[in-house]
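You will see chain A twice below: alongside chain B first, and alongside chain C after that.
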Partner chain A sequence: MNTTCTNKSTVLEARLEQAQLLKKVTYQFSFISLTRMLTPQQVVDAIKDLVQDCNFDCNDSGIALQAMDNSHVALVSMMLKSESFSPFRCDRNIALGINLTSLQKVLRCAQNEDILTVKAEDAPDVVNMVFESADNDRISEYDIKLMDIDQEHLGIPDTEYAATISMPSSEFQRICRDLTALSESVAIECTKEGVKFACNGDIGSGAVTLRSHTDVEKPERNIEINLSEPVALTFSLKYLVNFCKASGLSDSVKLCLSNEVPLLVEYALSNNSYLRFYLAPKIGDEE
Partner chain B sequence: MTSSDDSVPPSTPSHDNGIFSDEPAQISSPPSSPPGFPWEQQKNNTTTPTRPAISAFSVLGKRKALADIDDNMRPTKKVAQTAESKPLSQMQISLGQKVQQKCKLCGMEYVRSSAEDRKLHDKHHKQSTEGYDVGKDFVQKAPVGTIFDGVAKEDRIFTVYCYDTAPRKRRAQAVLQIAQRDLGAVPISEEDVWGYKNEDGHVGRTSEPRYRAYMYIRKTKCIGLMLIERIKEARRVVERDAARREAKKGACPGNGSALSTLQARRQAAEKAELEAAKHPIELSRTSDGAKIGIARIWTSPTHRGQGIAVALLDTAVKHHDERVDKKVVVQVVDRQGEVVAKQNDTAVCLTDATCEPLEKLRGKEDVAFSQPTAAGARLARKWFGKLYGWHVYID
Partner chain C sequence: MKTRAKKTATSKAPPQSQESKAESTSKHTLSAAEQNPPTAFILTESTSADGLSRFVTLPHPAAGRSHRYYVDPKQGCYELTKVSVPKKACRSMLLTPDFQDDAIGAGDGERENGYMLKTPDLIIATPVDSLFLMLPALWSAGKSGAGEEWATFYDRLFSDENNGYMHLRQIFRSEAGNDLEIRMEGRMGAVCDNLDMGEDKLYKLNIDKLAAVLLQKAKRMVEVGLPVSMEEHFVRIPLEVPEISLRREDSSISMVEEADAAEGAGPQKKAHQANQELAHLLRIRTALKYLCTNYIPPTFAPRLLAIIFDTSEPQAIDFAPLDTHLASITKLKSEAQALRSISDNISRKRAGGQDEEGLEKAETKRRKKEEEERNKKNVSQGVKKLAKADTSGMKKLSSFFAKGAVAKKG
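The block that comes next holds the complex of A and B.
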């Protein structure tokens, strides 16, 4: 399928059977930066924040992306393993600095079922994207200009979490959405009995408790709680709601908590690929 | 013009927090900007947070609730008063990321995670990349006789001095501050530059002002500024003795072809230029007469190498001579009474009708630089067209 290869050597070539995946993923990133859009004065600020650039690190194991929001409260880490692409070829490690707004614009031109091929040359100044329609012979091709982004790669240490909760992603999304109406933060308390999402707002308080649950017929409805010690932490719902926009990518979501450590919200994708969000907790003022 | 507008780019001491940092809160110290109100500072001092237990990657920083949390806030005093609702503060993730970032284009260091710092940076960045915006009115309503052509088509050079309207002076002062900060020059007091008062302490529009600014404006953005000063004498830049001897030694021409002689001469000139740039300038003991002193000359860093400074210098010389020529006409107007002068309220009328006789320049030798920086000396050498023998004055 690599017919459009020019005389310059192509270093990266990754073909994705469904454009939808990348489309949804990138949507996420622009949202991370959107989280600051709140009061009218800040809208202007947020539009500027929106122009966020990010390095797509490509190597032979896949394409990785890492970005921290401007306020350093949330971090998103994406890994698309080479197995997710067919074929995947990356001869040399390259970092593609892409403006996410531009990427989003181009990806909007793709149909969800299109086959997406990402290509980059050696020392590229553009990244080439080809969308092939599965059912007709339409081929669209786009080039996105790359940017030189000075971005550090942050090593995220492997962490033993005190509590790990797996649940349907739609369930988590619903909880977050419901509680946002009441308050701006949610306390997640995980005990032997189950996990409780509680909030306390101006108009009153609310809590949703989930218990371990196994559904034999629909394993995706399972709720699994693994706990080594009870944990209680509070997080900003604003960020969580934004994370939940990834719910379409995966049926289930994994929340990992430990005291004094950021919350990990993981959406597992096929072939070991993943989309992870880290969120720093809120703590009470000791005044 | 308050100085807070163009205050020095903030800088906070940088922290190198490792992944397992146990520095809790320093990063989110109040943004590096002029300190706030005293009571705020006190509060910050008293709330030094206790060190949290550290595990895998530490959660850092006590942060005042970000503005984004105010979204569905309602003014409810009751809630605030209840003992149970403790104010929560948002932590930040620390993975050893650089807290302070240096902007590649404008060179300002700022804390990315602080909205306040970001805003300051945006402002500084815009000013340093695009130039200071003086606004449409400044360009369109400039008095007759104060506008000159620049290098490019849409460029204009405007001259501003102490008898101009306050808004014009304010704009010029703002650019002057930016320029002085960029040059690292000693600030000249605002009163000296824009005040009516002249040296004798006499107040009024009676004399030729001591300072005059030339602003190089592209569309509405000011990208170059020159402040000239009326001076009486200046010293000549002399060649160092050692350099002179060396030059003489190298000067003996080889008896080759014309081309090789030309090349040798060119090389020698380049070498001499390099040599001159390497050493600090040396001044003559005696003073010569001079009329125009270049107190400050500056071009926006992103617009250098376009001949802007040279255009400013040429304009100053041209303008000076123009004023000398026009003086005759203006004086006639003045004799008919001040009313006329006020009616044509142009800069030309008001200054030139009054002051002590302006003398025509003898040429570039009447122009002197105030102690130039390395780049300033380079400019001076280029403009005067000679390495030595141009003038420098001492404030």
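The block that comes next holds the complex of A and C.
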């Protein structure tokens, strides 16, 4: 990881080996995906369908993002720790208000193996992105205009959830996709026996039940259920499907549920970075 | 007549004290406003050179209170009228010497002789028939009804109980005042029955004569032409027929009948002539009422007017057609008003609504559309789809999570 810091006025400089990560994140909520190419692209992909614009708060611990969808029933919270970048330098806390669609357009210009460097000056009006192809022969550079975004920032407490379910992200994605065909909402019931995703729609009903499962050979296919008390909640499938766009970011997904609190869907990224989605449950609306 | 200070016949020019005061102060500081500022008068052009003209206090013919008049023995009596501007009109008046007269010698110093009046009120002296001034003295006799006394001119004006005319007495004593006295006595004779007692003449008010004099004066007023504002207010507007064509014919038919003298002319001309006659009648009546309110006590005016309007007298003017015409016009007006208040209401609603509100609405609509379009370009497919998601029963996240104190902003 070569570091260059020639521009003294640059306050933020974050170099990401895998531009794709940021790309992916962008998508989901219209997220940024920083992964293996870690994926700024993927991250963006993951969030960009949930929110339009959001502030990327940069400080010395990394780049954080929190945004709600237009109806304020879902929230995406992303943390890309400084360890994910190398080098990472942030002299001052700055907020980069970026339109995710614009960001995605730029990130599309990156190839998966590209190294992405994000730079911003003090009191910036643009954020600078440089893509270097792995063999350093090609350097492309883009500036994205920043926006002033007024966003309320919610303080999310650390919660002890009644039920925590880990499963392969692809499994969760499949369940959501399948059930969407039947209904707009899914009831998630978590008991000792397992977790049941059930829905009831105009054409009929459907349910998927998962039990704890340990695959020794492929630990990424494990299904873990930790339960302190049974939980049953209903959620909007449209939102869940949206969250699932982050599946590419991580092999496994963690669902955390407690009665009458928002569902947490967490995609763990490397280096303690994460992408989290919160979704308010449907209450008193039995269909 | 509120300011009594510095009331001199020469008050056209600024008082001397003021001039010196203005000179002593520097260019840039303003002298304090005077406590009792002088008042501007416009008096007659040629006051008697012998300085006999006076401001005198005489009883007001209508109000009975003492009132100031300006009397010039040669030219007669003048009443003083205050012309004031509305309080809201912020005006002042600059009085300067006549520049044309001393245009040659006028240096800068001369120009400073001007004087600024804070309030542009003017008091104007206008000639008044001395007859009116004497009326109060005659009323006192008139009060006693049938047993009216005869009295000489002198006794009338300067009786013991009635000392309102003291100032006149002083003027009469002078040589020039003699002329005035004779003239005034003549005026008294015009409205009184008189009895020749050799050297002295005895006078007693004759109401019929007074009525005749008033009527004469009113006619003269009309001949000269009523002041524009009076003409507008009391003649033109009351005679204005509301714009209802049918009704107008109604009223003009009655006119035509009366004006049968002009038979050869077309009906329009007849109507016009009739209208002219009515206007003339109204003008006379307006003038009479004006005279009565200004110079005849309110208790006495009705009696006087009754005599003037009494149709049994051969010379009396017949106001009956005017009355009927005016009555018909008021009726028409009230009808038109009733109609108008409805139609007006409707049309106003329409017009106001379409012009401004409509435009405003269109404008905001357009702006909204533009904004939406701009937003759409930057919104991903997913966000659009989510907008359609059914969020019923879902609470906002802010109800679960406290709003962070730190809104992370750069």
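Basically, the second predicted complex is superposed on the first by the 254 of 287 C-alpha atoms of A that agree within 3 Å, B and C clash if a C-alpha of one lies under 4 Å from a C-alpha of the other, contacts with A are read in each partner's own complex, and residues count from 1 in each chain.
Following the convention adopted for this analysis, a residue touches a chain if its C-beta (ideal position, glycine included) is under 8 Å from a C-beta of that chain, and two chains touch if they have at least 3 such contacts.
Note that the coordinates shown come from a computational prediction; the quantities given were computed from them, not determined experimentally.
Engineer: So, does A:R221 touch the first partner chain B, the second partner chain C, both, or neither?
Structural biologist: A:R221: touches no partner chain.
Engineer: So in the superposed three-chain picture, is A:E160 touching just chain B, just chain C, both, or none of them (first/second/both/neither)?
Structural biologist: The answer is first: A:E160 touches chain B but not chain C.
Engineer: In the overlay, answer first, second, both or neither for which of chain B and chain C A:N55 touches.
Structural biologist: A:N55 sits against chain C, while chain B stays out of touch.
Engineer: Taking the superposition on A as described, I'd like to know which of chain B and chain C A:T101 touches: first, second, both or neither.
Structural biologist: second
Engineer: Between chain B (first) and chain C (second), which does A:P262 come into contact with in this model arrangement: first, second, both, or neither?
Structural biologist: both
Engineer: Taking the superposition as given, does A:V73 touch the first partner, chain B, the second, chain C, both, or neither?
Structural biologist: A:V73 contacts both chain B and chain C.
Engineer: Quick check for you: in the superposed arrangement, does A:A64 touch first (chain B), second (chain C), both or neither?
Structural biologist: After superposing on A, A:A64 lies in contact with chain C but is clear of chain B.
Engineer: Just to be sure I read the superposition right, which of the two partners does A:R174 touch: chain B = first, chain C = second, or both, or neither?
Structural biologist: A:R174: touches no partner chain.
Engineer: A:I283 contacts which: chain B (first), chain C (second), both, neither?
Structural biologist: both
Engineer: Which chain A residues are contacted by chain C in one complex and by chain B in the other?
Structural biologist: 48, 68, 70-75, 152, 154-157, 184-185, 234, 236, 238, 261-262, 278, 280-285
Engineer: Which residues of chain B touch chain A in the complex?
Structural biologist: Interface residues on chain B, with respect to chain A: 19, 47, 49-50, 52-60, 62-63, 66-74, 76, 79, 84-99, 104, 112-113, 115, 118-119, 122.
Engineer: Quick one: which bits of chain A touch chain C in the complex? Just the residue numbers, please.
Structural biologist: Contact set of chain A toward chain C: 27-30, 48-53, 55, 57, 64, 66, 68-75, 93-96, 99-102, 104, 123, 151-157, 184-185, 234, 236, 238-239, 242, 245, 261-262, 278, 280-285.
Engineer: Sort out for me which residues of chain C touch chain A in the complex.
Structural biologist: Touch list, chain C to chain A: 375, 378-383, 385-398, 400-410.
Engineer: Once bound in the complex, which stretches of chain A touch chain B?
Structural biologist: Its residues touching chain B are 35-39, 42, 45, 48, 68, 70-75, 150, 152, 154-160, 180, 183-185, 200-202, 234, 236, 238, 258-262, 278-287.
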